[in-house]
Every structure is written in C-alpha cells, then in structure tokens.
C-alpha cells in the first residue's frame, strides 16, 4: 500500500473473500515484505502520481524489498498503478504514457491471453478473451523497438487488447498502447504488470467474472510451489 | 497590526448593507475591527447564512423513521439497517466553476467529500448534476453566439475533467448524475456535487466543539491566500468584474484529501476525536464559530500557530482563506499527541491552534493581541434573516395549450430522431467514461440506468441513488415542477428495485433580490414539501445557491433532488435494459395528453410552451408500490421510468446496448384516443416500462389492478429494429443500431476538441 | 521556425504537484532543496514561411488560449530566431 | 540559488500529448503550426549555502533519478547563477 493507493481494499476483498486465500496489507514504509508468497501492487494514484505515474512510489522503502523479493524469484503482480510503479522501478521494461485521447478512460475492454506459461495465466487458454475493466489516464504502453522485439520474441506479452472475438485491432486499442499491449512480464516470468483491473471483474454481481482466472492461476501456482517445497 | 480603517466603502465592498453594518455594531457594542468585519461579511453572506432562504426552508418536512440526522449538520444521515447508516449531501460549486471550470468543479467534489467524511463516513459513491449552455450554435448564429457555444464546450470539458480527476485520484466511484442543457446556463453553469458515505451507527461524528479546555487541532493543507472571499463571491451576481475576481481561485489536491480521509477515520476510530468539521466556505471562520455554536461553547485561536503556505498573511486573510483539504478537530484534552501522531503517519500537518472556552465567543489572537472577539450567536443565530418580497409573475410564462406539430408519420419519425439526439436526452457516456465508476468494487448498476446502485459489502442489501432536476417544468410552474422532479427521483429508485428513504436537495436560483425569483423559490419549497410528504421521503439536508445570474440574465429555477433508497435484497436490483428477445413489454401507468413544457415542445417549437404534465401524487405512489411489488416478486427482467422525451425515448433506452449486453429490439403498438405525438412524446409522469416473460404478465396485471394502477401490454422485445406503431399504424421503424449510434455520437462529436484543450489547460502533467 | 513556450503557475497559486514532489524528494534525502514548482514546456514548430512577427503573434495567441490557463498560470515565449540573435 | 530543469520526451518516443494538442489546434484554425512537443519544466530552489558545483551535482542526480524517466525522457539543466553569467 502506498499513500494514494485506492484499489488496495478491492484486491484484498477478491483474494480473501472470492479466491479464499490469506492476504495482508504491506505499508509503503515497511522495509520488508515478510514471509509472503506473492506481492500484489494495487491500483490507485500513489503519491498523487503528480510527476509521472509510479515515479515517486518506486523510492519507498518497500520497493527495495519488492525488488529483492522478485530477484529471489518471488511472484509480483502490478495492476494499473502497480504496473506503472514496476516499470518506473525497472522491474519491467518500458513506460506508460498518457492515453492517446488524453482522457481518463473507465470502461470494460477485452484482452486476449497470449501466453499461458506464466504463474498468472496458467489456468487460461491461449487466445482466450477476458472482459476486464480499465480505469486509467496513463496506460499507453511504450518501449523502444529493441525491447519490443525482445518482448515479442520471448513471448513476454501476456495480454493484448482485442475485440470480443479475439481480433487484435486498432479499434480495440483503448489507449494507444504499442502493439495493443495490455500486460507484460519480465525475463524470468515471475513479475507481471497489466493495466486492466482483474479484481474488478471477479464477481458476477459486478458484471464480469473473467478476471478471477488470473487470481486462481496465481493460487494454483502457489499451491504447487508449496507442495514442491 | 496596521489594519485598514473601516469606511462605508469598505463595508459595501464586503457585501454588507448599511443596516447590516449597524447590526454588527449593535451586537458587538462597538465598531468591528477589520478582521471582524471580514468574519461578519463571510458569515453573513447568503452562502453561509441562508439569510434569504431560511424562512422558506423551515417549511420542508425533515423528520422520518429512517432519519438519524436531518439538516443542520455537515450531512444528513439515514439508517440503512444492520447497524449501518448512510451519510449524504449535495453541494453547489456553480460560481467557482464558471470562473475556472477545472479547479472549480474539482474543489466542489473535494468539499462534498469532506462534508461526508467529517461525519465519520467513508465516501463510497459520488454523483453530480451539471447544467450548461448549448454546445452548438445554429447555422445562422452570430459570431457572439458561436463564441458562447465554444465557451460552453470548454466549460463542459473542464468541469468533467475536474470532477473526474479529483474523484478518480481520491478513489471514490462517480456512479451517476445528470447533464442538461439550456441557454439560460450559458454564463451560469451549474455544478452540483453529491457524495454518499457509510458509517457505523454508533460511530457518527459531529461538528461540535464540546468540552471546555479541549484542544482545537488544525489538520491538513497549509493556509494560503486562496479563495479569499469565495463565500461572498458566491453570493453576488456576475458581471464584467467577475474577471477581476479571478485570482482567488482555489486549487484542489485530491492526493492530500485521500490522506486526510484515512488519517481522520483513523483518529476517529482511536476515540481521540470529540468533534470535527471541514473548512469549506469561509474556512477557519465558519468551522470554528459553527463548532462552538453547536456545542454551546466558545473557541479561542492563536492565529500565529496556523500552518501557513505564504508569508506575511494577516489575521484577516488567515481567517477568510478557503484553502482546500483542511479540517478542524476538537480532541480530548491530553490526547493531542495521539492525534498528531496519526496525522504524521499519513505525512500531514496537525497543530494545536487553540482551546475550547466556556464563553460562547470566537476569539482570535495574533502576536498576543486580540484581533477578533465575537459572540458565536452573532455569527450564526443572530445573522440576518430576510423575508424578501415575493411576487408571482403577472402572466403565465408560456402559452397553455400545445398541439401536435407534425402532419405525417415521416415528420413524427424526424421529430423522434431530433429528440433522441438532443444533448439533454443523448448518451452521457462521454462524461462518465472519464469517471472511475468502479473503484471499491461495489458498483452493481453502473452509470446509464435509472439509478446507480452500490452493494454494501458483506450485507444483503444495496443502496440506490439518483440526481434529478427539470428546470423546464420549474420555469413554467415552479410548484408543480418541484413536485414532478421529486416524483421522478422516486420513480428512478423504484424502477431500480429500491425503496426510497430520504432526499437531499440543491436549490439553484437567480437573484433573491428579485421578487419573482423569491416567488419561484417559495413555490419550489412548497411543491417539494408536498411530494416529500406523499412519498414519505423527508429532506435530510441540502444547499442553496442564489445569484446564478450574469448581467441581469438569470437561470430557470433549478432545484436538484438527490434521493437515496434501499434495495432490501441485492438480487432485486433491476436495470432499465431489455435482457432478451421474446419478452412481453408492459406499461405501468397510462399516457395522457402531456406535451407541454416537454423535450417535444423544445424540439418542435424551439422554446417552452404549454402546461407542465399533470401529476397525481397518490397515483405516482401507487405506481411505485406496484412496481416495487412486481420487482420484489421476481416477475420482471427490466424496469425503466418514463421521463424526458416520453415513451418513445424510454423504450429506445431500454433497447440500446449496455456494457457487455447487446442491444435488444422491440415492437410495440400504442393504443388509445390520444394524438400520435402524445403517445410517443408526452411526458406524463407515473409511468414505468417493464419487460417480463409472457407467463408473468397476468400476475403483473393483477398486481397493478390491486394497487389501482392502469397497465397495458404494449408489445414484445426481440429483433434488431425499433418498431413503434400508433393505433396499428407504423410510425417509427429503424434499426436499433442506427438510432443508438446517433444517440451515442452527440456529445463526443461536439466535445472531442474541447476536451483535448481542457486536458492541456488543466495542468495534469 | 521553432518556438518554446514555458508555462508556470502564478506565484500565489497552490502547486500540489510541486509540493508532493518536494515532499517526496525530501524523504529520500535531497536535503538542500527547499522548493519545487512544476510547469509545462512546449516546443513548437512553425511553417518555414512564417515571419518572426507572425510567429510571435500566433504563438502568443496559442499560449493564451490553449497551452496555459490564464486564471492560474503565466507563460513566457522564446522564438528560436530571437534567442539566437 | 535557483535551478531549472527541462524534461522532454526522447525524439524517438511518440508524444501523445503533443500529437493530440496539435490535432486540436489544427481543428480550431492554427494553420501555421506543424508540430507540438510537450515537456515538463521544474523550478527548483536550493539552500542558499549550496555552492554552484554542489547544486549542479545535486540537481543532475535529481533530474536523472526522479524528475525524468531515462527510458523515455531527456533533460536539460540551467542554474540561475550560470545563466546570468
């Protein structure tokens, strides 16, 4: 949790009540992530996001601990503002620029699952289309051509914005992201960032259940890890 | 201290009359100091003192079973069961939003959020009611009219971005509201912001400075010279000199507000807080005098201790500053450290600036010297109250009868398209897509249906809320208009499956110094009261905004109603959209010849004509009860109230696609002795369109009959067209997708460029 | 021709951005910095055919109407040809 | 002492703000403007006791670490004492 995080309780709710896994908040000034199995950086506007989104959060003591946790292979997921922080902190490549229409956009979009061999998408099928909301002003993913080629080559683009049938089109790109990128992972595949909010699409009552599969995949992975150790 | 000498000119420039100044001398027993003059001028301004409205507001019904807190506190509170209560209120920020749309609207949202969390409630939903001048000038418009339209577009873009940026960053979902257009708002835009929060019944806080000797703690942002005289500005009409008042603009900081929220709620939970109040209009002055007055105590402040952003500020400036994101807390003596530590954890300033006293006075010291010493009652209870002259207009404002304008079915179809694409009726998606309406994952009904609904996590019930106004009606007949607006709110909640509990209101009017305006005001109060009694929905609070008038041109009387209701079981939440084909469409209620003062009249005549629709409050109540019954019995799949544009528009809105649901066409036949235009476009109240499986129709009809409510089967859902026949004759027959596309395109096509510029000007990096 | 426009907040107007940045960098050890104000900066390219005079008029209008908000901001213009002179 | 930091997007980075604003001003009739790039601008006040050298080092570090994101942005620094020289 950072000052200004505002999707922290939503994520907490989904993991504890809907997925049924234990969760705890970690305060931004804590210098350790404790003995948790996975760290989720929630959405919101950390430190007001006045400079660049995520730019200040990356200096908080807890981010040092998150980096260390990730380098040990710990699972880290950044949602929306969390994704922006991971990019700023160098845990993921690239940056998130202002949406191409300069507006904050809050709506349901479709994203296609591109890769299933990550701890976050193991339950998904390749090409599966998930309906998940976005809510951001800076979600326009950018990286240099070399990095993009690497992301493509190494299958590190996990989600792409698409239409309901899975077509990756210009019209289905809500914010101008390069190559319709909605989510990526690091080389080691243990750190993932995505702009859409799966925690807002994990209950039928709220209009979509599609995001749940991401948390379920994560829970599966953790269960397997626990068994293995 | 070298303070200016008080001259008649100085008194006048503070918006005080000679008599009022005389009154001040009398109450003090001496001439006021400069600082005191400033304090009186803001506390006695229309905005803070309600001096013109108070005698009328007293007539509103404010008591009811569910009401835990009525008017008089920062927000009203109703019981929502399970040990929880909902705090909600609406507030205007019209004048600041005209001067600086982005910051004006943003700080309006900030202010109403603070009003809610001051009471201990976490804000869980926001809405807003917006009124603007036309976005497009006609083909033969003058250069001036075109400039006005351009200015209106930039106001809309700035206001919407300001509301979005503040609420989104703060983390409150903005889940509904209304956007309406009329030329009278061209230089008088209305920005009314609503917030609802939830609090445990036993953890409600009040703005009371109880406990003599308790410390008074200032928390939040530092004080700057922002908005000095904001409250008096909101109490004067605009003219050319409004330009020169510009430097007083306040800038909002939603990030700081979010920290303030968390810190305040934490301090309250710890039990160290005795009383708390936000510093809104008139800042430190109103918060300290009101807290003292409510508790029957006094407050003494050492002005040098107030955290200041700028150097060399005088006591006058500090007392009158309207810097945002500040609160005043009275803590238990001996626990100030605890409060300060909590705020420090959230990286916020918290400073003891004074004490609660027993002498019922507001006393301000600077460098050891007393610079203001005023009895609280002089600022609050003894503030002037005016029973201003009231005068009904000599002739009714519009021709009484309205006939059908069209000769052919083609013309009726063209009128239909004109109404569907009028900005007031058109889709407001362009607006609410800029608002995060899902954060906190409670929003069960997203914007676009009759009322917005949030679930109460871990409880079975949900809260529905709606904001409504109709200045067309209130212009033609303020009393009947106000009744109609309240009944529209009632109907919106009912159609969503909620039982209405109570309402808040924002009364936007022109200058109270004109007797016709005061007459409108008085009539609106009476109309609203009648409807509130009929529906048993008391008033828990609200706000009055007068002087919405520029260069002598005033707005239509525009009361905005914010009604809140409870859905007893979240499974009963109902939306307006047809869910599938092959369903029966039933109208609860019946259409009459109510074309007056309608969108139809505006679309065909270009101006207001006719009487407002006739309303039978008892019938409205019965339609509501019947509808709630059919919803709670699980008989219907959708329910939508009929309002702007009449039945043809209501049916189309049921058909249009929504979120992940595809559009569903329909075919209906409207029968009866009325003209075709009335069937299609009459705005008769007390009507709700429902859709249901065939096998439920008989039961629905029976239930309607039991409630003494007329009901008719209009047709069926299904297909991809929107087909309306009148007495068997086809009048409208178009693909839903085509009508929907036209309806969705209206605002984006007018506002896209303005919104890019607003993004640039709004200083978001 | 190129032009630069600098937009800054008027001195008395609260700058939440600058304030938040200042607060943050203080906590991460930038002790010598006492204040931060944030502004905007634009690089604008004009048609080559535009004269310096026209350019100045056009850019001034643009800065006034679009790039800045005169209620709370001031701006300053630099034309490349001039700055070189 | 005062310092100014200008942060601009690298030329290779598409500038959504600049592009959108260019599109908007074209529509409202700024015909002579062919390109707009938007950057950020910071005015920083340093402790009076700071030497020019220290200041330059401190501000460079700040610009590098905090005010700009090297993935997408470049920056330029101006120290007030120097610009006067």
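In order of appearance the chains are A, B, C and D, and numbering begins at 1 in each one.
As a working rule, a contact is a pair of C-beta atoms (placed from the backbone, for glycine too) under 8 Å apart; a residue touches a chain by one contact, two chains touch by 3 or more.
Note that the structure is a prediction, hence the values are computed from the model and not measured.
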Contact-richer chain pair [A-D vs B-C]: B-C
Distance between the CA centroids of chain A and chain D (whole Å) is 30
Quick one: report the Å distance separating chain A from chain C, using the average Cα coordinate of each chain. 34
Where in chain A do residues touch two or more of the other chains? 47-48, 50-52, 56, 59, 101-102
Among chain D residues, those touching two or more other chains are 17, 20-21, 24, 40, 66-67
Please list all residues of chain B that touch 2 or more other chains. 253, 255-256, 347, 756-757, 759-760, 765
Drawing the touching chains as a network, do you get a line, a ring, a star, a complete graph or other? complete
Going by the contact rule set out above, which residues of chain D touch chain C in the complex? 6-8, 18, 21, 24-25, 30-47, 49-50, 54-55, 58, 62, 66-67
Can you list the chain C residues touching chain A in their complex? 16-17, 20-21, 24, 27-28, 38
Chain D to chain A touching residues, read off their complex: 12-14, 16-17, 19-21, 66-67, 69, 71-72
As the complex stands, chain A meets chain B at residues 3-4, 6-7, 9-10, 13-14, 43-45, 47-52, 101-108, 131, 133, 135, 137, 197, 199-200, 203, 205-208
Quick check: in the complex, which residue numbers of chain B touch chain C? 99-100, 102-103, 221, 224-226, 246-247, 249-253, 255-256, 309-310, 323-324, 347, 757, 760-763, 765
